[in-house]
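First chain A sits with chain B, and in the next complex the same chain sits with chain C.
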Partner chain A sequence: MSPLRDRSQPAPGSDRVVDAAASGTAPLLAVRDLAVDFATDRGRVSAVRGVSFTLQAGQSLAILGESGSGKSVTGKALLGLIDPPGRVRGAIEFEGENIVGWDEARLNTVRGPGVSMVFQDSFDSLNPVYSVGSQVTELLRVRQGLDRRVARERAVALMRQVGIPAAEERLKDYPHQFSGGMRQRMCIALAIALRPRLLIADEPTTALDVTVQAGILRLVRQLQRETRMALIFVTHDLAVARLVASEVAVMYAGRIVERGGIDDIYRRPAHPYTRALLASQPDTARSWSDLRPIAGSPPDKAGIVPGCAFHPRCPIATDRCTTEEPDLRALSADRLSRCHHAEEVLDAAH
Partner chain B sequence: MNMAQELVAGATTAPPVDPGRRGSGRRRRTRLLLRSPLPLTAAIVLVAIMLVSLIAPAFIADAAQRQDLTQRLSPPFQLSDGFAFVLGGDTLGRPMLLQLVVATKTSLLIAALSVGLSALVGSAIGLISGYTGGWVDALIMRLSDIIHTLPSLLLALVILYVLSPSITNLIVVLALTRLPIYMRVARAQALEIRERVFVEASKALGSRPWRIMLRDIRPMVAPTVLTVAMLEVANVILQAAGLSFLGVGLQRPDVDLGIMVASGREYLSEAWFVTFFPGLLVVVIALAANILSNWLRAVDDPGQSALFVSRKSLRDEEVSR
Partner chain C sequence: MLIFLSRRLVSSVIALVGVVVVVFFLGRLTGSPAHLYLPQGASQEMADNFNRTHGFNDPLWQQFIRFVGDVAHLDFGTSIWQQRPALTAVTSVFPQTLLLAVVAMTLSIAVAAVLGCLAAARRFGPVDKLITFGSLACASIPDFWFALVGVLFLAVHLGVVPTSGQSDLSSWILPVATLMLAPVGVLTQVVRGAMIEALGSGYVQSARARGLAHRRLVYRHALRNAALPIISVAGDRAAGLVNGAVIVGTVFAWPGIGTVMVDAVLNRDFAVIQAGVFVIGLGIVLLNVLVDLTYAVADPRVRVS
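What follows is the complex of A and B.
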């Protein structure tokens, strides 16, 4: 284990270099050594293996990774949504309080006004048996004690805020009468209804039409700026992440492998995985020959890869990578990479 | 929402209820029912029996209990003794027709109340069990297994033997023995629905467990439970009749269809009709209820609809859309 992530050394996790530079105030969210594993028939499977990062109020962070990298599980863990057989270890400090191990009743005080979430599957994240209006008004009435009329007005205002045309008339509509994009807008309206300080968006545009995506992304960014809430945007698409977030944490096999400013990383990746991820995306490739899928697949979470988790798929892997696990180390004031050859990768991008 | 509306709105496990189309869904079913002769007949028969047995007893209760020994075991289909004796007289000279009406009312009442009770309690337990999971679920399901393992008639017999047979006890016992069915159905549905994203989204917004159960999951479980309850009505009528027939159900002077069948048993060779008519009525009610509930279930299930819904009516449906 890296000395920087060692629990015996409390505060200065190496990831926090970035945030220390960004602001001197206490962070809104501090995640330390977050580990999530699930008991299965094949034994304990680790989905997240020691993730640490901090987030200031109003900051936007993208968590980037392919399927199975642990990015969605990380997002859910932040809301205490990991149910048994899942197990969460480490610390999630939201506004200075560690919420790991809290019971449901206590978590519910944070969920909603503290942390809120938008899910990937907008087709199923609204209850099909209630009108969209009643879902928003009920939330407001139960959680904020508003009376029927005020809640209704506020619901209409929220729907306008997320760009639903003719909000007043659509209040009585049911989710199935909404298009995919409109449903996702409704989900966002619900998620921001209690004015959360942190919004987690778990691939909110993945299930949507490309033409609708841009609208949702613009909405998320605009809301984030207007309301000054912090944003964690979970995605597999760096180009999408770039539109909404200023910081990025790249995850591979349950760990953060690179962290830094999103434009920096987009231009000059410092980890071969990030580089491969960029080369595999159609929008960054100029032609078919530029488009390179990453060979192989992420390691089976039940199995343990010795050395660097990425080495079986890494084009520049050396003997050292097969035996010695790299630490997440600082390359500059605002750049971290978990690679023995980070400098070479960085230089090659020039 | 009334029960019938919720019932017709409910697909079994099929896609989530589409509340916005509830009205049109009901119209569709009404239209399909009018074009399907067998379920339509069943519906008409059931409604007629219900109306008569609910309204008539208020006027004929006394006449039904009046014993006229000259009419003892008088044969049916003779109008000379008045219309009340058109189906003959029973073992104590009471008019069969009026006795049947009163008995049907009691039988239907017992069935409705015990089905309602077990559906309500059973689905609530099943919902909690399925949503909570863990040892609570395991414990509840083992209890349900125990009830399920015992033959329900035997269980009812024993309990009613120990308690005194009365209408209330009969209803409670019948409800108890049918409880596991609702528990299982509601639990299975809750298990499925609690994994849906909107439940997780509700949790993410800080909804308490009881709110999720009552507001998010219950409305999606209700239609299935109601369909099962419909099917159960026929079963419970038969069971209640069986218990009364065995002498641990209702006691005279209360009368239900089972008691009537039982009272004619000793006179089968000389007066067949004393057993036959109440028996026939039990069969007719059970059959009609079965046909109708099967049809209701099938209408919403594309895989099954061919069985109960004629192709032609479905085709017309397509055209008229």
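What follows is the complex of A and C.
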């Protein structure tokens, strides 16, 4: 066990993040032992199994993982968007208040000006039967009590802010009249309309052309810097995450398996899963032989294997990994890894 | 949109012409009206006379050409039974049927919208189960049975409504209820399904993520989208009210197109049958145009393209 390990309550399976900035100011968001499961015909299925992290105001964190890792469910839980048969346990403290278990009316006070979200599918996220202008002004009028004229002016300003050309003329256009990139910009305008202190972006560029992706990413980063809002960027693409976030939490099978500074992790991963993820990305490969898909598939959520959840796919798994589940432990002041062999992985990267 | 509408209109008119032609020949398969109108044991001479007066002795193709020529001037001939122009016989009662249909359809949509939304918002709960069961029962009960039982119970036993005819407001209750039965049953299910889909959609979820109140999500964001399937099914059901009009005409002696058509068929009153089919067909063509227009109002993707 690492001497750096900071664990006041050694409950198995719970994450405790050593946050460099945690000393002093209270965090904007503190997630503790977040667990989300869904009742299905085959019993309860866990999507998130004990996730803990904190986020300071203005900080940008990428949550990285494959499909089914629980990253999107985590994002939705932060907004209270998990409905029955889903169940949320643990604590989500936003500005010091635990929002888990709040009713819709109370959650609605946080949604918008507190936490806001941009979803993956921009076409699906906008109501097809209302013009984009009416969707923005509706929000401003209902939530901020602006009158029609002021709301309209503010809507145009928002559309300009997210880089929609000829904003004034486009107010009356419908979502299907926008291109994919412009539509996602419109979704971002809606998400930042109430000036949120935390923006969650759930794979906002996955459905877009590569040429458009860069523009959206630049916009997100620029907005985050200008408005000083915190950002949680959910993605499966580490290269994309690097463009917008300074920190990363890698998720696997409903848990955080590695956390740290994003450039650090990009250079020297401390978990075999992160390493495999990097090796499977086309941008880091110089030739086809460098490109390695991760063998096997993520575990079925209904039946998590004993020991380390990643061991069936892990190239360096030992007997210990098949029986004893590793804790998320600190390797240095700003690096956490959930691997028995984290030091080896870290050293091997050099 | 205009091109789409005119294309729809042209195909509808072709269908209407086809129906009128088919009815012309089918009607004549029922036999000669002469045997029906002349006293029993009438001589062949009398029958020939009757047929000559009404033009039934000409070869069928000649009758048909004459019919087409007349219809081109909107002349559907004279009713043998009613002794007045067939078109007048039909149009004089059509408003009664139309009024009944409009009342029944409007109420059906209103009732189905409320029940469907309630069921969708309480999906799989007891309220939803009750509404689903009730609407399936409504859609399954034969309307003529419902009409007869209604008369037996409300009119004969309780005496709160008249057994037949059109008088004060209470005489509307059973005809309207009979016509509403199937549309309410089917539409409630359509509203429920469309609302469940709309409430689970991405735009409702993202509107919810922006903190809009539940009621606003249901009635502004979801219902407007759910309106599209509701409109098309409601249009289809409205056309189906023609069947209901016949039931209402027969069971309640409602003075409408149902009664006139049934009488015309029983009396081999070809002119009225043809005029009736034409008017009903025209009504359904106009209804379809109305449905298309409503669709365009409700859905910008139809309107702007």
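Before moving on, here are some points about what is shown:
Rule of thumb we're sticking to: the second predicted complex is superposed on the first by the 328 of 350 C-alpha atoms of A that agree within 3 Å, B and C clash if a C-alpha of one lies under 4 Å from a C-alpha of the other, contacts with A are read in each partner's own complex, and residues count from 1 in each chain.
Basically, a residue touches a chain if its C-beta (ideal position, glycine included) is under 8 Å from a C-beta of that chain, and two chains touch if they have at least 3 such contacts.
Note that this is a predicted model, so its numbers are computed, not measured.
On the superposed chain A, the positions of chain B and chain C overlap enough to count as a clash. After overlaying the two complexes on the shared chain, residue contacts for A:176 are found with chain B and with chain C alike.
Residue contacts after overlaying the shared chain place A:66 against neither chain B nor chain C.
When the shared chain is aligned, chain B and chain C each come close enough to touch A:128. Residue contacts after overlaying the shared chain place A:95 against neither chain B nor chain C. When the two structures are aligned on the shared chain, A:142 is found in touch with chain B and with chain C. Common to the chain B and chain C contact sets on chain A are residues 79, 81, 104-105, 107-113, 116-117, 119, 121, 124-131, 138-139, 142-143, 174, 176-177, 187, 190-191, 193-194. By the touch criterion stated above, chain B contacts chain A in their complex at residues 16-20, 134, 196-198, 200-209, 211, 215-216, 219-220. On chain C, the positions that touch chain A within their shared complex are 201-203, 205-214, 216, 220-221, 224-225, 298-301, 304. Against chain C, in their complex, chain A makes its touches with residues 79, 81, 104-105, 107-113, 116-117, 119, 121, 124-131, 138-139, 142-143, 174, 176-177, 187, 190-191, 193-194.
Contacts from chain A toward chain B in the complex involve residues 79, 81, 84, 104-105, 107-113, 116-117, 119, 121, 124-131, 138-139, 142-143, 173-174, 176-177, 187, 190-191, 193-194.
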